[in-house]
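Residue numbering begins at 1 within each chain, and the chains themselves are lettered A, B and C in the order written.
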Amino acid sequence: MGVFDIAFLVSALTIAAPILMAATGELISQRAGVMNVGLEGVLLAGAFAGYLTMTRVENQALGFLGGIAGGLLLAALMGLLAIEVKVDQIVAGIAIGVLGLGLTTFLDQHFVPEPQTFKPLPRIEIPLLSDIPVAGPLLFDQDLFIWATLAVVGLAALVMYRTTWGINLAATGETPVAADAAGVSVRGLRWSAVLVSGALAGAAGAYISIGDVGVFREDMTGGRGYLAIAAVLFGAWRLRGLLAAVAIFAVTDAVQLRLQSMPAVPGEIWTAAAIAVLAGLIVMRRGLVVGGAVLIALVALAVVHPVVSLPASLWLAMPYVLALVALAAGGASRHRAPSALTLPYVRSEA
Amino acid sequence: MAADPGPDEALRLSGITKRFGAFTANDRIDLGIAWGEVHALLGENGAGKTTLMRIVTGLYQPDEGTMSLDGTPVAFRRPEQALRAGIGMVHQHFTLVPTLTELENLAMAPAAVPWRNGRAAARRRAAEVEASTGLRIDPDRLVADASVGERQRLEIVKLLCRGARLLIFDEPSASLSPGEWDELAKLMRRLAGEGHAVVLISHKLSEVFSVADRWTVLRGGAVAGTGDIAGTTPEHLVELMVGESVAPRRERTPASPGAPTLVIRDLSVDRLAEVDLTVHAGEIVGVAGVAGSGQAELVEAVLGIRPAAAGSVELSGQRLERRTPQAFYAAGGALIPEDRHHVAVVGGMTLGENINLRALRQAPLARRGRINLGAARLRARRLMTEYEVRATGENQPMARLSGGNQQKAVLARELSTEPSLVIAVQPVRGLDVRATEFVYRRLTEHRNRGGAVLLISMDLDEVIALSDRIAVLAHGRVRGVLDAAEATRSRIGALMTSSEVRP
Amino acid sequence: MKAFAVRVLTQLAVAAATLLFAALLLLAIGVSPGDAATAFWNGTFGSPTNAGTTLTQAVPLFLVALGWIVADKAGRMHVGFPGQVVIGGCAAAAVGLQCDGVPRVLAIVACALAGIAGGALWAGIVAWLWASRGVLEIISSLLLNLVALQVLAWLVRGPLQGSLDQQPQSANFPASTLWPAVESVPGRTLSYDVILLPLLAAALIWLFARTVFGFELRAAGGNLDAARWNGINPVRMGVSAIVISGGLAGLAGAALLFAGSAPWLSEGFEAGIGFNGIAVALLARNSPIGAIVTAIVFASLNVGGTSLQALLDVPSSLTSVLQGAVIVLVLVAAMLLRRRRAARRPAAPVTTTPSTEKELVA
């Protein structure tokens, strides 16, 4: 049995979708200058609110709306703290994270003492197209959320790079004084950006609970919010970079899921990793010494093909470790951070 | 006084008063500005110019008084409203987004519907402005790649595109070379000729006399006088600004330079190329140049913040091999940086801690890593008295001090260690007359005691007034070094523009 | 003096608002706040045994809070405490399990040092990524927290698993490694490590006020560029602060294991100490002395929450809701206080230094 089959690609896509949705929202929010470190809490709020709605009305559309509302609620709190009260955004983010985890657990214990399981989102099989080999099951036999994610990303690209609103967004995060002088409401723009990110994270959270597995568990988002933030940073605050980062994280996660169930690491993993490192070196044109050494080691592993097995928990840590490595490798990109990121805007200083 | 602008009146302020707590920033100000004129608004720092212009542009609301535009009463609650009424301001710090293109900066505007794309419309309007005023922009260039003059032009185009008819220029020459200023002066005249109203905020009288039609002087928040430029003299305006006739310039004792204190050889850092510069003990060497000529690179390379590509720096006879701030200070250097808030003071710490920021970390105030708090307190108090720092005590948080007092604290810190070299960058920026005088006196005293001073300033008058020798910096190179006796504005200006060609 | 009174009043207002919020939550789930208050008091301070538990549980919270204070003073807001507590605990446990038969003093010191080293090492990754790779410490520390949890999960199922059963936990620590408790308290719930509360608070105050190192740390945190321009190496300061805070968190991990109620390493031993410690520091407005009080308050929330669950069937996660709410309220209160001051002193220029500088780490 190979590692990289179609089921693998499908699972990677399923993993990627909520992270991508949440990360797109976070990107918009950060481009406006508001960094929500508590994105994990917002995801949880969305996951629980969606689940709670399902336990009451059992309608998936309403469930997702509930999830969006839950995400909006916590995002609104973040906006209140960061934009109105102007507290330190990092500390506010920590509060949002703690509150998200605490509230969802508390409310879950109280309102839904007996866990319920729902049917996940149905896959929409498009006749004919879904019969195409590889691309068919991958693209045309997916649930609606995957499509929604793609639509959101496309829309975000249009809005960010093809509209006046996108210009205003970039200006607000980069030089709020300039946006203000041009009559653009910094406050209004930051609020809408934060709320958009809340809605997207809420929807992503709802997908994690009711869309994908059909149940809610305490702390079930498992660090996807942190991965989304890491993707924004690694993607150098560009949508294209974000897509690449999410793809890398999702593939790693899918790989580790697959490897958990295997007795030993199959050789094709080493080949694939070697190709990935090679591609990274070609794109970045930096870190040739370290990268080259890693590359040689991977090629050697692929050739020798030793029997290596890692315990499941260490595989589980893989995406996070990879995110760290990616951030360390892309260190220089931090200079492209919006200049006013995390800085509250006080007009009288203009 | 011929102060009545007559029927062409654009903006009329009557009885404008603005208070901040007990402090009255604007006191019953009456002011009339006419279409087709360049109106100079003069006054010292703290005279209320900024507050008044913020009221006019809708950033502040007046406590009392009324404004009318074209005879109709107006009240702006937000800057957008002033902008829509046709009042626009070219700020000293440009309100441009460096990471966007020039076109995108023009297109930036409140979006009524989220999906609108204003790029095409902005391009059209820019073309219209170019047709009527000759102001040309490069729409697809990133603002970050544009020069200061080009950015200022974009700023003006931006306002004109938005339909501004009354343009306020806030100290526009601060970062322009003399040539660029001439261009701007011509443009102001042209705008006025086309019926726009232009307000020029400045305290450089030479500029005011070269472009303005009428003037108004503010002092202490109130109007000290207004009239036609034709009917006044620079001396009269200065008297109105300062409130007393200024004492004639102090006679300077001739310099008696000693051994070289700072020797810079062949220093190349980023845009700075092959700079040779020597400062002797007992002299003030001024570095003249427009902003962005390489001053920051020079200071940061000598201090050791920015790694140099080539060249050497010698301080007090010691060659600074591995340049670090630590080595710079250890060799007897001191620095009064330009950007006080960012690199000189720690706002969250106390005044005493800021004064002792370096002294506290070595003997005699600290021994084996432990600080003698009593001695530190005494030293801080002594220096506060000596340098006339006004504060409630040495424990007052630095951020609560006024700009002038913060600068005095920095001065106390830097000069109290009896350094052999003081680098002073724009040391009086944002200070009032008295504080400015204080800083000049301290620097001159330091030089008279046999200290070396490297004075870096974008204000030509300041450089000429203080320096014994003047090095002219332009486009990262030292274009020439003049003796104080032979340094005139025109000679320095000529050197600044001697080679505008950039690679 | 008046400023002090205002501050105390604000803290009281925050406490009152939190209590009100708690009462509302309790009412919402149908529990009488009065009953809850009684149960809460009995569970936390009602008996010497329970009071001992509360005080002992305050110690790890306090240690993490000190870690936050050190890092925050240096301007390095990392949130890697959960990970550092976990790794510190793992290191301490690994050493402790080998300490059978070692003299007690030696064993205790060895375990504590191992905890400190583990936490400092884990924080060292954050520090290194920040200093040499420019990775924002907040995000790297968040990711490392997740990695630490997986490392713990692996250790208790692999190398450190107890041999007796297949539970994911280690064997019991040898008696010689357990930290001594006050004999006169019934149940011996009061560990002697509570003396760390005043000792470390005093040490930290001394460090910040009286030493060159502490001064440079504060200067680097107050304005990174000004510190650098005045000959302080802000990178060195930032790295030291992160590593020290990691060491304190690691010690907290050891305290959880060797002075806690369960003398073995298990998956959930961190129990939210890492994030709650931050809240403790925030609530104390970064004052080490204040952190003693707020740590005890938070510990009582934990202990009281458990007894509420046992007696009145209140979900124990009420505690974490309250802790999150407290952070929000403290933030808002602090900001309102600052606004009030600013409103009264309009002429004073407000200089704000960016809280999270986009610094160039040279």
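By our rule, contacts are C-beta pairs under 8 Å (C-beta built on N, C-alpha and C of every residue); 3 or more make two chains touch, one makes a residue touch a chain.
Because the structure is predicted, anything quoted here is derived from the model rather than measured.
Taking B-C and A-C together, the chain pair joined by more C-beta contacts is A-C. Chain centres here are means of the Cα atoms, and by that rule the chain farthest away from subunit A is B.
The geometric centre of subunit A is 45 Å away from that of subunit B, both derived from CA atoms.
Note on chain placement: the centre of subunit B and the centre of subunit C lie 46 Å apart, centres being C-alpha means.
The geometric centre of subunit A is 28 Å away from that of subunit C, both derived from CA atoms. Touching two or more other chains at once are residues 350, 352 of subunit C. Residue positions of subunit A touching 2 or more other chains: there are none.
In subunit B, no residue touches at least two other chains.
Across the complex, subunit A meets subunit C through its residues 37, 77, 81, 85-95, 97-103, 105-106, 109-110, 218, 222-223, 226-227, 229-230, 233, 311, 313-314, 316-317, 320-321, 323-324, 327-328, 331-332, 334-335, 337, 339, 341-343, 346, 349. Contact residues on subunit B toward subunit C in their complex (touch as defined above): 20-23, 303, 305, 307, 324-326, 328-329, 335, 337, 341-349, 353, 357-358, 360-361, 366, 369-371, 373, 398-403.
The touching residues of subunit C, counted against subunit B in their complex, run 209-213, 215-216, 218-219, 222-223, 225-233, 344-353, 362. The residues of subunit B lying in touch with subunit A in their complex are 59, 78-80, 83-84, 89, 91, 93-100, 104-105, 107-111, 114-119, 158, 162. Residues 25, 29, 77, 79, 129, 133-136, 138-140, 142-144, 146-147, 150-151, 153-154, 157-158, 275-276, 278-279, 282, 315, 317-325, 327-328, 331-332, 334-336, 350, 352, 354-356, 358 of subunit C are the ones that touch subunit A when the two sit in their complex.
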